[in-house]
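Look for chain A in each of the two complexes below; its partner is chain B in the first and chain C in the second.
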Partner chain A sequence: MPRVTRYLTLAAAMLFAPAARAQCLPAVCALAVTIQSDASGIALGGSGSSAATMAFGTMQAYGGTVPTGVTRTVGATNWTISTPFDIKVSCTNLLNLLPCTLIISPTYTLTAQLQSADGTNTWKIGSSTLSSATPLTLATAGTYGNVVPYTFALTIPFTEAAGTISNTINFVAVSN
Partner chain B sequence: MQLTPVRHELSQVSAYCESCMAKQGKKLAHSNQLPVLWCPPDCAGSPTPAKAPGIANRFLDMRPTICVGRDASPSEAGKFMKKLCLLLICSIFFIGGVGTAQATSASATMAVSVTVASSISFVIQSDASGLALTNSGTSAVTASFGTMSAYGGTVPTGVTRTVNGTTNWKISTPFDAVIAVANQTSSNYTLTAQLASSDSTNTWQIGATTITSASAATLTSTGTYGTTVFTFSLTIPFTEAAGAISNTINFVATAN
Partner chain C sequence: MKYRHSLLLRWVAALALSALCLGPAVMAQTSNADANNSPALTLNPAVIMVKAKPGQTFSQELTLWNNTIYELRFHMEAQDVVVRDGRRVFVPAGELQGSIARNAVFTEEDLIALPGRSITTRVTVTLPPTPGPRAIACIFMGRSPIATRNALSMTASLGALVTFTVDSDFHLQNDPLQVEVDEDAKTITFREQVRNTGRDPVVPQGVIAVTSEGGALIARVPVEGHRLLPGESSEFTAEHPGLPKAGKYKVTLLMQNESALFSNAAEFSIK
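For the complex of A and B:
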């Protein structure tokens, strides 16, 4: 076998052998968390980026307008607005060799945390309550590249005065 | 033509190759971009020892030949090429394969905002002791008494018929008004009622209050939020001809 062929074969084997995909150095893999609108949810501002906005506009417990993709549930003492949204965690190889989804550890842990404390309203993702005190774990073995739908919910007590409610949810993905 | 890896000074190799090819009646073709040097294999070997080329020269010489050139047999260039290629492959292997994975992280933010407006809810529902309302529990219900007469006939469940001597007769039934307020500081509410169409023949009442189309009648100005039972009644004079009687009562609740 000509030397050139041997070199190329060896290089190809190193690059594409399954064992070689098991892990990769962080230096060549860039994690990215993007938030995007869910097909059944409210349209997010900055959908597909890592800095999205979810603006419900003006809403009220009774009557008024409910934005498309938003569900309003009125209870005896409070009301809840909820909508699905999607999160995608991807791992991109900086050297453009291979997607790190195949190269590094195939899973990630995703957490969410409120940026500011809110002692009045209840912020939830899925059935879990968010707080500013500690991060809420949304996934412990998420798969890179998968678009995962989550449901955001905000519960507002009737006793709260009218006005604007705002906060920021910080998501952090860590490779396992 | 084949690309030839060399580790000698380009000028030496070029001169040698040019001379060798000249003997064969050929002419050496130089690339505009050094160190691309096109030299036939039979003229690629240099009889002149390398003149201690520096690192820069080595890399310059190697650039076009890495792993794809054919070294002049059995020169140092070939061995050097082999080492370099192995180094490259090992580097790729290390970077892409056997490195120890460490936790990396990324973050994203989602700013959420909603402007909450105060609101009040008002629905009417069937009372347990009253006539079954159509669309009970909504803000647009219907109370259908069906066919009734002052004497005899059928009185619907939950409806009371009262005959006042020979003057008129009255049908009445309780219903529930469910009023709630959200995101507003309010201790009670005011409730008014008004007929949609005037009726100068019959008497429409909610509780003891007569309802007309002329103006809204106040049923309560200190209503307690929650469920309140009101009684609707319609008084029909005996002098009125038989036929259907219909109207709509518009209720308005205002948080105080």
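For the complex of A and C:
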């Protein structure tokens, strides 16, 4: 819906809505998400924060250097690099700074989505393929405070010319 | 003396209630101090429970702190949250019949969060005449390319869940209570599968009481609340450390939701 139409709809709704307003109860909690290096994976830039980078340097299917913590698998028509990384989602009760137990359910949903479409390479987390169109659900009932390991994998076809590959994965956490 | 205690309790209750009701302005100050402790994104509030009728309007400020070293860009998105095949699914606004997310308007749709600073937007939602879903997610969707050559960037986005109670239709269906005694680990685990068969969200929670054959209370274990959207089910579990002496025992689970109490019982024995 165009923005102007939406504002007009909203204004009309507010003008003609019943006098009583909705009652709401905001949970006094803060949700936070951090991306961390896994002990057996590549060292992330910005590990422990909400914005991290995974730099593989220059890699090739045969020979060359494979960064520590990265696994290279060569297939018949493509090759894959993979490495584990960790994600932690926490929720803190702002009244007492203790983990939330009231109002908030003790779990969260985590999804992942590629920021830019890539029709050549295959980007995966675990065994599921990422896309820019639909979010991939990584956890439906993740437990707050737990460090959860995931495995990132990028499959590159041999038909692809040498060059730079980069993209961004957007992780979205929502309280349950 | 009893009167004094009563006054004190009322004062504490009023203080707690006012802390809950003061809203985001006060919460922001508290959260900022907490958020500074880790270089992460922090969103407050994380969950908002709204009771409203079709046509009514709800409004809430959402604040996100950026404690990373990066300048981050966000676009506000509202998505409907529904349960399909037992799992929560986030559906783009407008795709569902009676979409609530379609009526969500943000005062600021595109925001830039400088390192160490917070950004705030206010979401205003008017319920459609016949709302389909009962929850939306208001998401600060990351839009920052943290570009480095031959690298994968990973950014976090955070969403606030807003649930809507529209019809006050709360119905739960529960399976028989399961009791598992682990004699090696010396623990007793209680499991109860609960499904929300009503039209509105519920947050059931309760307590488990273990009594002896003679009716003496042996143990009491709290059952943590889980939010269940319409059609959603969840296993409520509670664990009791340690085993009572040999004998037969009765377990009574008492749970409450927004409108009612319900109970379930089972028996087990320790050899």
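Here is the rule we use: the second predicted complex is superposed on the first by the 143 of 176 C-alpha atoms of A that agree within 3 Å, B and C clash if a C-alpha of one lies under 4 Å from a C-alpha of the other, contacts with A are read in each partner's own complex, and residues count from 1 in each chain.
Here is the rule we use: contacts are C-beta pairs under 8 Å (C-beta built on N, C-alpha and C of every residue); 3 or more make two chains touch, one makes a residue touch a chain.
Since the structure is predicted, the reported quantities are computational estimates derived from the model, not experimental observations.
Chemist: Just to be sure I read the superposition right, which of the two partners does A:174 touch: chain B = first, chain C = second, or both, or neither?
Modeler: The answer is both, since A:174 touches chain B and chain C.
Chemist: Where does A:32 make contact in the superposed view: on chain B (first), on chain C (second), on both, or on neither?
Modeler: It touches chain B and chain C both.
Chemist: Could you tell me if A:73 is touching chain B, chain C, both of them or neither one (first, second, both, neither)?
Modeler: After superposition on chain A, A:73 lies in contact with neither partner.
Chemist: Between chain B and chain C, whom does A:156 touch in the aligned arrangement: first, second, both, or neither?
Modeler: It touches chain B, and chain C stays clear.
Chemist: Report for A:164: first if it touches chain B alone, second if chain C alone, otherwise both or neither.
Modeler: It touches chain B and chain C both.
Chemist: After superposition on the shared chain, which partner residues are touched by A:135: those of chain B (first), chain C (second), both, or neither?
Modeler: Only chain C is touched by A:135; chain B is not.
Chemist: Would you check which partner chain A:51 touches, where first means chain B only, second means chain C only, and both and neither mean what they say?
Modeler: Both chain B and chain C are touched by A:51.
Chemist: So, does A:63 touch the first partner chain B, the second partner chain C, both, or neither?
Modeler: Once the two structures are laid over each other on A, A:63 reaches chain B alone.
Chemist: Could you list which residues of chain A make contact with chain B in one structure and with chain C in the other?
Modeler: 3, 7, 10, 14, 17, 20-35, 44, 49-59, 85, 95, 97, 103-105, 115, 152, 154, 164-176
Chemist: List the residues on chain C that touch chain A in their complex, please.
Modeler: These residues of chain C touch chain A: 16, 19-20, 23-24, 27, 30-31, 34-35, 38-53, 55-58, 60, 66-70, 72, 81, 87-90, 94, 102-103, 105, 109, 124, 126-127, 137, 139, 141-161, 203, 224-227, 234.
Chemist: Which bits of chain B are touching chain A when the two form their complex?
Modeler: The contact residues of chain B facing chain A are 67-70, 78, 82, 85, 88-89, 92-93, 95-121, 180-185.
Chemist: Give every residue of chain A touching chain C within the complex, in rising order.
Modeler: My answer: residues 1, 3, 6-7, 9-10, 13-14, 16-18, 20-35, 44-46, 48-59, 85, 91-92, 94-95, 97, 101-107, 109, 111, 115, 135, 137, 140-141, 152, 154, 164-176.
Chemist: Which residues of chain A touch chain B once you look at their complex with the stated criterion?
Modeler: It is residues 3-4, 7-8, 10-11, 14-15, 17, 19-35, 44, 49-64, 74, 79, 81, 85, 87, 89, 95, 97-98, 103-105, 115, 123, 152, 154, 156, 158-176 of chain A that touch chain B.
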